[in-house]
Amino acid sequence: MISFENDYSEGAHPLVLQRLIDTNLVQTPGYGNDEFCTAAKEKIKAACQAPDAEVFLLTGGTQTNAVVISTLLADYEGVVATVEGHVATHEAGAIEYTGHKVLTLPEHDGKLDAAELDAYVESFYKGSSYDHMVFPGMVYISHPTEFGTLYTRAELEALSAVCRKHQLPLYLDGARLGYGLMSDGTDLTLPLIAKLCDAFYIGGTKVGALCGEAVVFTHGCTPKHFITMTKQHGAMLAKGRLIGLQFDALFTDDLYFRISRHAIEMAYRLKDGLAAKGCRFFLDSPTNQQFIILDNETLRRLQEKVAVTVWGPYDEQHTIVRLVTSWATQPEAVDYLLSLL
Amino acid sequence: MISFENDYSEGAHPLVLQRLIDTNLVQTPGYGNDEFCTAAKEKIKAACQAPDAEVFLLTGGTQTNAVVISTLLADYEGVVATVEGHVATHEAGAIEYTGHKVLTLPEHDGKLDAAELDAYVESFYKGSSYDHMVFPGMVYISHPTEFGTLYTRAELEALSAVCRKHQLPLYLDGARLGYGLMSDGTDLTLPLIAKLCDAFYIGGTKVGALCGEAVVFTHGCTPKHFITMTKQHGAMLAKGRLIGLQFDALFTDDLYFRISRHAIEMAYRLKDGLAAKGCRFFLDSPTNQQFIILDNETLRRLQEKVAVTVWGPYDEQHTIVRLVTSWATQPEAVDYLLSLL
Amino acid sequence: MISFENDYSEGAHPLVLQRLIDTNLVQTPGYGNDEFCTAAKEKIKAACQAPDAEVFLLTGGTQTNAVVISTLLADYEGVVATVEGHVATHEAGAIEYTGHKVLTLPEHDGKLDAAELDAYVESFYKGSSYDHMVFPGMVYISHPTEFGTLYTRAELEALSAVCRKHQLPLYLDGARLGYGLMSDGTDLTLPLIAKLCDAFYIGGTKVGALCGEAVVFTHGCTPKHFITMTKQHGAMLAKGRLIGLQFDALFTDDLYFRISRHAIEMAYRLKDGLAAKGCRFFLDSPTNQQFIILDNETLRRLQEKVAVTVWGPYDEQHTIVRLVTSWATQPEAVDYLLSLL
Amino acid sequence: MISFENDYSEGAHPLVLQRLIDTNLVQTPGYGNDEFCTAAKEKIKAACQAPDAEVFLLTGGTQTNAVVISTLLADYEGVVATVEGHVATHEAGAIEYTGHKVLTLPEHDGKLDAAELDAYVESFYKGSSYDHMVFPGMVYISHPTEFGTLYTRAELEALSAVCRKHQLPLYLDGARLGYGLMSDGTDLTLPLIAKLCDAFYIGGTKVGALCGEAVVFTHGCTPKHFITMTKQHGAMLAKGRLIGLQFDALFTDDLYFRISRHAIEMAYRLKDGLAAKGCRFFLDSPTNQQFIILDNETLRRLQEKVAVTVWGPYDEQHTIVRLVTSWATQPEAVDYLLSLL
């Protein structure tokens, strides 16, 4: 059965895998102190046009969020996110497990609004009992969001300005960052993100790697002894090269961006086909996640042939369905899916 | 430069890597709910002769220790280990980060003594103020130990009996378990370990995998909602298949044991060669880690040609040096090392 | 300046203080193992008509909430509360500090709705990815609520039924419990609360004690080694008698209830007087906290003579003001306050 | 039965209690923002000759240690103490509960040795894998120690110098500080302690208060938002005045020192009497805790008349017994105890 369930259904992009094969018997020191990790970090800094940034290679998204957030926050601080933020909903309490509250604000197509953030922080410090409350200590967004939507450059600049006004580090979860950067019409680039955010991660797991996320700290924001903290969180691999090699491959010859663009093109082929068939969209996503509304009987029949994500009920007769493309999606698979509707 | 620094210097055993290559484009569900993880777990249970065990696949050793220990303990409990136990010394406080104390007892060639454990627990409950203290809640050992030494069957049976007497789960850290099981003269087997311990992990990272450790809970000891807890600790991979595939390969046709035996044979070749040259041993290790005492000048010259682990100073003129073999060690490399001494 | 700011402005009720004076030089064992603590616990169990309950004496409200909630929850669980629950807003992240998320539902006059709770838990387990989320593990309510409102017997029975259906312990924060129980028209009693809840605390700090809250676990819900856990949280007093003596006094000759009734009568004197003067109420509170809406100029003048709690802005010209009576409030003070409006 | 079991057997010193009585109906703001707390803090700073210090008033010793240590440490750091330090042994893992390891060094009559501390820190940073280990982040000592012994000025200066060399805050647990300062022959004073330490607490619970410990941060070491952190730890009292009033009384007219001196005189009366009877001492304590060795039969008979602390077995026929005097001990009680031996 073909799957449009997510963007982590296959192994690694063939060129990533080839890199693992080619270097397999090379001996390296452990814990990320190897030449491949060094090369990957240099290439990532170059792609970010951020020579002073520091890059760290972790294994997965929830792990990365927990390590970055808990090391950027003081004990009396929490992280601000939207009510639909991944850290607020689908990480099994990983942030709270580190002792920190997720402070939630409304979402607008999955996005955090800069003016609402500003008003919240302003009113926090105007309150009479704020020292009995959790201080806002940093801001978490994801790009693309949980709904596949994107911040515009103006929106991210506004968020960044509010964060700097209040001295709150701005952290961007880029689990699907490639798909966001390669979307038609986006006016954000990797260097702009590096300029506007204080920390972010470039997702590997969902963009061609077997596993791995590259955390970038800009503007001197690296938490002290971050390496030791990754060990304390169980996030340090003995064979750190595994992540280094993969990011080295992904950031060679623009592979990360080329395969992300492929996923976007497949998503648009799907989106256009769905629109042509009169399919209702739950929201308008410019990235590799498309959300449609299907009547339950159509869904039932579709699921006999294709794996999809059931996002939740729309009403009694309809269901919100997520369809995801990736670097691995073939045009024939898209056409097959469309033929079933 | 050739390295005898550790057993995680290379990538994966070629057959493990081949399994990743062969299955790379197969689509699977995420988070370990795939056929490869299922197959790996079944093979591991069969190898343990423990059909009722539950197996979970995590990424690294410190992560595994932290997740297993924190989920087996109640909040008022700590884990008992030797003063040299990995969890007591070299995990950056990962156990304490989860809120639990590591309660330490003396080590004897790296091993925990059953009688001392029994005396400690007995005297704990005889004390007048034990409810102001951290309760012993489980016991941690590693096999092989930090020093490469091994428990005998009688020693493990004695520890297991003391643990059961006091209802303390016995947890064995098997980061290098294969090398222990394939050592000459050991009277312990995987089924015996499964019988005597309540939880243990079969190390993959140091025995042929890119990453991955297989946790086995026996005797119905699996912590409730363990899967959710792994997510909370950032230990759940989206592409869970990565670990599943590797353990599936390692437990097909006894690969895990065969490559472990190779490392042992290389270690004995090294040990015999060192003995023949009159080299002093720091202790007598039957596994793939050999500890020797070198004068500092010899060490300095050796390090120009070979990477080794400097374990620590022996006296002002001598240093304790660790030499490690693995599934990847070639006899020519051993002979070369010997030729340098 | 007279204060209506809160119900913890004075020291102890004179009869409570007298008990401390009378027993001051009696020697007792430490840590609550004294005759006064024992007597207090027996009297509380009698007042609750819950002979099988277990009672523990802690020092303050946030401490009590953190200790009770963290010891009742498993690591993968959070506590359900309303968005305005004290644990969700004004405890500086004390619950999250113990590693647990506060899961929030809407509030209705400060109260949690049983049907909404049921729907939330039902839908949680129907979701496809609940094992990636924080499990609802218990339910927190306060009585009176943050707004001074009260659950009816029917409402509490409904909540209790939902909790039992889903095996969620129901925990009631009774920081101002006396004022709730002595309110006109309430159909809840201490024995009913003991029957319907699995854990609750009887507030002392705000009802006549210098400090101290009495936690009651019913239906065999006491967390294992709770005493050790209080020590671990820094919540165990060497002179545990301090809390025991106070609760012993409060539960002798119905003192707790008599002084609570006094506060209610003072609150009604105030409420009636405010209504007679045409004052607008922010909400209708039947207990010792009254919330009114004052124009900012009136508030400014009032604050020259009387301390009140500024709850927050109502609109640009008006402010929500909280006025609190207690066991210590004199009728003359109420009349004086009224005379100023 | 008369008790020599500990120094927290009675309520408050009569003058402390009188202060509570005299001010009982005075209305104050909550949470320590009252005139009594302010007065107490000023008097403590004066007694310390440390006008720039910051003073905070907490409730109990374990609570104070947990709040101070967890707020002074970074996540990757642990606290160094002796193996017999209170935080290492008798606080139910309260430090580990905050996520931090207690790093232990040997004890010498209960004391930490400056040279050993220096050697430990030096060797820590010389190790090849220290970034996989818990960093020493501060140093904990108690004065008097668990055994009633005292640091000399020279010893404390040496410790302070080592701490400053390595930029480790030096924290002194003064649960029984008064008894230490009033001991014959000590060359340490409160101002010297304030000069040599970066944080310490002046114990109230064991020196005349119902409860309460006064934390003093010197040299600008106050952790940021310490007040919020006390709330987060459940350590903030609504009626903060309770602690303020008591310390205000204790630091008026040298009451703290006078009553401590009384306890010391009672201890010496006891010590001299015991020596005169040929009693064996377990160690030579200059403070209010005396440790003797009794044969088990003598102990059994003594316990029929007097409560003592059984410290632990000395050998099969003998037991180590602790006898404690306090501000409340009467000479007649000492003589009675002596008459029984």
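Per-chain residue numbering starts at 1, and chain names A, B, C and D are given in the order in which the chains are listed.
Just so we're on the same page, a residue touches a chain if its C-beta (ideal position, glycine included) is under 8 Å from a C-beta of that chain, and two chains touch if they have at least 3 such contacts.
On a predicted model such as this, the values are computed, not experimentally measured, just so you know.
Chemist: Name the chain pair with more contacting C-beta pairs, choosing from A-D and C-D.
Modeler: Answer by contact count: C-D.
Chemist: Could you work out which chain's C-alpha centre is the most distant one from the centre of subunit C?
Modeler: B
Chemist: Round to the nearest whole Å and give the separation of the Cα centres of subunit A and subunit C.
Modeler: Each chain reduced to its C-alpha mean, subunit A and subunit C end up 42 Å apart.
Chemist: Rounded to the nearest whole Å, what is the centre-to-centre distance of subunit A and subunit D, using the mean of the C-alpha atoms as each centre?
Modeler: The computed centroid separation for subunit A versus subunit D comes out at 50 Å.
Chemist: For subunit C versus subunit D, what separation do you get between their C-alpha means, in angstrom?
Modeler: 33
Chemist: Going through subunit C residue by residue, note those that touch at least 2 other chains and give them in order.
Modeler: Touching at least two other chains: 75-76, 91-93, 97, 99, 131-133, 228-229, 231-232.
Chemist: In their shared complex, at which residues does subunit C touch subunit D?
Modeler: Going through subunit C, the ones touching subunit D are 2-3, 5-6, 8-12, 14, 17, 20-21, 23-30, 59-67, 91-94, 97, 205-206, 210-211, 228-229, 231-239, 241-242, 307, 328.
Chemist: Within the complex, which stretch of subunit D touches subunit B?
Modeler: Subunit D residues touching subunit B: 75-76, 78, 89-93, 96-102, 127-129, 131-134, 310, 312.
Chemist: Inside the complex, what are the residues of subunit B that reach subunit C?
Modeler: 31, 70-71, 74-76, 99, 131-133, 135, 224-225, 227-229, 231-232
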